[in-house]
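After this come two complexes, each holding subunit A, first together with subunit B and then together with subunit C.
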Partner chain A sequence: MQHAPHRPIFAIGTALLLSLSFLLAACGTSGGGSSSGVVNLTFWSFNQQITEQAAAFNATHPNIHVTALKEPSGFGQYYPKVLAAIKAGDAPDVALIEYQYVPTFVSRGALVDLTPYGANDVKSQFDPGAWSLESINGAFYGYPQDTGPEGLFYDAKTFAKAGITSPPATWADYATDAAKIHALGKNYYISAFSATNTGWFQALEWQAGALWFSTSGNSWVVNVNSAKSQQVAAFWDNLINKGLVDTTAADGDFQPGWNAGLDNNATGKGTVIASWISAVWGQGVVKGDATHTTGQWAVAQEPQWTAGNHDAGAWGGSGISVIAGTKHPKEAAEFAQWYLTDPASLKIGVNEIGWYPSNLQARQTALSTPDPFFAGATSGGQIVDQTFANENLVQGWAFPPDLDAVTNFQGNDFNTAITNHLSLVGQLPNIQNQIISDLTSLGITATAGS
Partner chain B sequence: MATQTEHVAASPVPEAITSRAAKPRRTLSLAWIWPYLFILPFLLVFVTFFVAPFVYDIIQSFYAEKHAGGLGLSPPKVVWVGLDNYVQALHDPGLWDGFWRVFVFGIVQIPVMMVLALLIALLMDSVVIRFRSFFRLAAFVPYAVPGVVAAILWGFFYTPGISPISQAFRSAQLTPPDFLGPSTILWSIANISTWVYLGYNMLIFFAAMQAIPQELYEAARIDGLTEVGIARHIKIPMIFPAMRLGLLFSIIGSIQLFNEPRILENISGAINEHFTPNIFAYNIAYIQSNYYYGGAIAALIGFITFVFSFAFMTLTQGKKRG
Partner chain C sequence: MATIPADLPNVPTEQSGGDRRQVLIGYKAWAPKNMVGYVFLIGMTIYFLTPLYWLFIASSKDNTDLFASFGLWFANFKLLDNLTQLFTYEGGIYLRWILNTVLYAVVGGAASTFIAMMAGYALAKLRFLGNRLLFAMVLGAALVPLTTLAVPIYLVESKIPGLTHTYWAVLLPTLLSPFGVFLARIYATASISDDLIAAARVDGASEFRIFWSVALPILVPGMITIFLFQFVAIWNNFFLPLVVLSDPTLFPVNLGLATWSFDPAAHELLNNIIVTGSFVAVLPVAVLFLFLQRYWRAGLSLGSVTG
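This part shows the complex of A and B:
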């Protein structure tokens, strides 16, 4: 201090420089700055191979450059991130959005209506059912990529070891088989039951015709606690109480213990997960995790509540949407349409990502190739997609405009039930009440269905 | 200030004196600016990254997204709701459940950690220990491990299938403990916190002991005090300000417990959406994407943390004077 007056200019300069450098560091640099009229777009998805598709697009579209980013897909990761990015004004121009989240995004004004950008010109190329999932109030919010009807993936070798000769046709058979598989050893389970895997459970309710959400005029009808809904929950309560399904959180779907559990069908050591009720896209997951079990797995239709039916609920399935706030909606819409109509892009999607495509042309190629990985019941392998194509998606299920909150309520209450040895059935009324009060607090009209 | 100036004036630095004498006017005219210039970098960062976000959070907490009835399938409006978010938070049992849990956590974990840290610091400071610098480093190393990494690391010890602890139990024909169950998870987390912060607190205490003048020890020994007596009557009272600081940090840390439960929730069903106040705020803001309500909860947590810290400072200050 006492020496400072010697060189006041120097000291002031230093202080100012220091402050400035902090300011500059705080501001940072934003944006790469587009050059020579090329429009830069960002595309988010949780599939790895999207970079190949983006490269194919960029090669044929010199005026648009798409940067594809693979985002984490875990519970509570992808959608919160997209929504937060929209709020922050830093959202991707194009993003993969699963059908169940479309109403939630629309309810936040987060998606661009693609009708003015020529969506209807290609409507005939797509599965009408999938197209309708993207259509709300006359607007169209995303090109349907793939659909998610559920079936049963099972390790035929483990099933045979347990004395099961054919996959369970009904849910009663499934419960019987669950006991047979657990009889192979304490470490053997027919399935994991993950409390936080909310979409999976909703698909089971969907198949049973327990329509949790529907609309009546200008109001939502929330029917989580219906008799049919209770029937599904009670079915799983029974398996959980008998210890026939693995409820360990670390063994839940997509967790490390579960990934290993699928592969453990090869050795019988450690926790063995012998089957998985999953959507058609699950084939890629099974192949990726159970690498030592090639040829052991098979796929069957979802077990039925009424013998002889072919009913299925859907888990996931996605579309490609243009995110509100994009500076280039025209180019973004062009990329979204290209992504699901261009043969080169569809080929990567079907062959490498493992889509069961909603594009009807591409679906034909998907339905013609047997997969030797799934040779557990048919020598040479099954045409996996064919099993799902033979099912009927139960009609009438709608997704609510606050799925993020529903996911949180359901996951938390089921978690409480599993942890404290309470019944799932007992949680349904509370889940229903929370959903209705959340919708009401958002200014949305909702009533209880039961 | 007066004594400082006298001291400088008396110091043998003739240039300083002559220059001061030569241009007194110019020095005085600019003198007021120096302190502000030197704290400017801090002030800028403080305002940009602390004050501004805090004010922004509080402003946001008075708003909410609302639909005007119907199915809600059109963009909502952001409307002023006054204190509604705060009223909702205060009536939310989840928030209080979280606060109660971190309170129980703090009441048990902080004393255990503080006593252990004090004991180790006293051992380090005593003459009997050899390889002192090695032990000091060893105790401090966990603090150098980022909290998230520590939680992942301990997560492996807690996961039944891969834990060597569980394996040891099984090979001894014993049932391995469930580290992740509803009655144990809080203490499994307390164990991680203690592991991480023990060395940190120990080092603060140890450094404070190093600052105690050696003459006091000599006098005490002449008066016949044992090593234990010196610890009790000299060291512990002398490092009281350091302990107070350590306690304050620990109280704030307990209320803001987040990293460990956030990591362990992937492998433990016992960690729910409102396990701690911060977990609750995070889930509302980033799982339910309700930024406005989440902002109100965050502001409440900040306020309650401030009240606790202030109460602690006031209470311990009174004790010190008395």
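This part shows the complex of A and C:
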């Protein structure tokens, strides 16, 4: 065969690649080699300003150098990326992991137990509800960063127009108020109900004490179809059947119709969403969406199942975990602990990133300034975080060891219910069965609680 | 058939101006019976341009108007404010993302085009053992989307020290485009006659000289087509950079914008600059297409002329 033709082509190709490599070597970044005994750590988060916190740590810890990298968080790419990096042996040493994903990561052996690194020494500094979300079977997998207890954001002007003088204290009041608000016009709703907003609904179950997941020894107990769980689902079934909440998909939380619906409280035109059961971080969303309603909104504690209680479930919130496979678990654990106990780091987190911190000391300092946007019930505005600080996270909730599957089952079945005018309560047994068989297929022992 | 009138409008044609068939097609396009075709094309034009139009309108709005005002017309015109915020947010990192994307798309596109041309030419014109088998493998590889390969590529790359989290991590996998090789082979088969190569060999030209000085100039339209394909594929590539990069200063623009999307802890909404950033990111591709579309069309038709 002819050999002559290939050689020059190959040579040129090689030459091209080599010249490219010189070009890129010039603009590439250095890997950050460890020199003179300094331990290099990588930290992933999707918060802003993390580089400022890392700089503060590096300035006071000459033997450790932390590189903080802000990763994409939208469209659910963050966790697949972290899991792929763990699989490749290329993971960061420290990473932000939201509470709901901690058991999923633990079930894959991806997180380091921090108890041997002095975690319990600082336990008293943290919100016990948040701390328990990081604790599984006696091990502890991450320092709680921020917490998302739910409350009620409502447009006080629209509420007053409907003849509601004080925000609903109980869920029974909430149902009554829902009818009053819908009486203002067919375009008025007290809330949207989005079938696929699974974490939001779980927080409602959580508040009612319907603990969907728990562990018993090495086995998971799935309790999606309990009497308490059915009670919460039936409550929303009632509102949905009467057409008092907006179930249009395009008006679901964070959808364009919903964003506009919050702002429409200013004009009363188009779909009006008069309130939102949301976590403490929701204040930024309301302020960003409903700019024409400045001064109209207010915040109240989450409506209660038992009058006089201050129970809340949480939606969102995250912790800082050490990723299994790190070469420097001791230093990584040291950074994680520093990150959420050091005053300088917490100050940046609270003031610049906008945490509602799980560190109780930092939470006290965060409760200072009234926000004039939320002046609907209090002239001059409310200290929004104070409302949430008065609530107690209901103890005992745990997230499942395979969150993505649960999200799919719940989202699909609730979506089917809404589309076909079936009840949410009727979907719970099927959701529970699917979760149990999924966990079983993953080799995780799971039983039905009811 | 009617005779062709002498006073036909001067319709621009693909390559040579004097082709009568081309002129005839141009004439008949104006006849009423092609109205259906026109309406269809106008409909398709609207269909494809509406999202771009929406993006432009949306990039001129603030966060509230983005949702509260009618989507296909202006509200308070805030384009300049959005642009200022876009190019200054987080220390102006957006410009860095754009430049990164240009680097990935231009370098990756050019290099992969050149490699594809060499491979395609060799597969079309040189006889060697395994030629057909290699082409069959290229054809098979062209059917596998790069997205599905992203994680496997990453797992392989992570075994090579110092490769992941660098520009190379994105560039290396994009250097080889099976689809480009496939197209290049078709172009080379169709447009370079064996006689031409034989003549060059008689004149004593080396094989590379034949490729470089004889074949390549003929293949320029096809080359530009392949370059555009690759350029757009790399420009839009999201999943590969997502898994192989972690340093935001190396991100392409689409990945960078994803770091701005909903951050639950942040007490501010960035929808306005995400939308404006998306609009700005579309512009370079649009400009490139407007400049190179002449070659693009010629390139597309090239392979279909002779079989």
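Quick note on the criterion: the second predicted complex is superposed on the first by the 287 of 450 C-alpha atoms of A that agree within 3 Å, B and C clash if a C-alpha of one lies under 4 Å from a C-alpha of the other, contacts with A are read in each partner's own complex, and residues count from 1 in each chain.
By definition in this document, contacts are C-beta pairs under 8 Å (C-beta built on N, C-alpha and C of every residue); 3 or more make two chains touch, one makes a residue touch a chain.
Not measured: the values here are computed from a predicted model.
Contacts of A:263 after superposition on the shared chain: subunit C is touched, whereas subunit B is not. Of the two partner chains placed by the overlay, only subunit B lies in contact with A:407; subunit C stays clear of it. After overlaying the two complexes on the shared chain, residue contacts for A:62 are found with neither subunit B nor subunit C.
In the superposition on chain A, contact of A:148 is made with subunit C only, not with subunit B. In the superposition on chain A, A:37 makes contact with neither subunit B nor subunit C.
In the superposition on chain A, A:355 makes contact with subunit C only, not with subunit B.
In the superposed pair of complexes, A:138 makes contact with neither subunit B nor subunit C. Contact with subunit B, but none with subunit C, is seen for A:442 once the two complexes are overlaid on the shared chain. Legend: residue contacts after superposition of the two complexes on their common chain; A:308 is shown touching neither subunit B nor subunit C. Residue overlap on subunit A between the subunit B contacts of one complex and the subunit C contacts of the other covers 1-2, 4-6, 8, 12, 16, 23, 84, 87, 257, 260. Considering their complex, residues 1-6, 8, 11-12, 15-16, 18-19, 22-23, 26, 76, 79-80, 83-84, 87, 103, 106-109, 136-137, 195, 215, 218-220, 247-251, 255, 257, 260, 270-271, 401-402, 404-405, 407-408, 411-412, 415-416, 418-420, 439, 441-445 of subunit A touch subunit B. Taken in their complex, subunit C has these residues touching subunit A: 62-64, 66-68, 90, 103, 107, 111, 114-115, 118, 122, 126-129, 151, 154-155, 157-158, 162, 164-168, 171, 175, 206-208, 211, 242-243, 246-251, 255-256, 258-269, 271. Interface residues of subunit B, counted against subunit A in their complex, comprise 8, 16, 19-20, 23, 26-27, 30, 33-34, 37-38, 40-41, 44-45, 48-49, 65-76, 88, 159-161, 180-182, 266-270, 272-273, 283, 286-291. Put simply, subunit A touches subunit C in their complex at residues 1-2, 4-6, 8-9, 12-13, 16-17, 20-21, 23-24, 27-29, 31, 42, 44, 46-48, 69-75, 77, 81, 84-85, 87-90, 92, 146, 148, 254, 256-257, 259-260, 263-264, 279, 281, 283-285, 287-292, 316, 318, 353-355.
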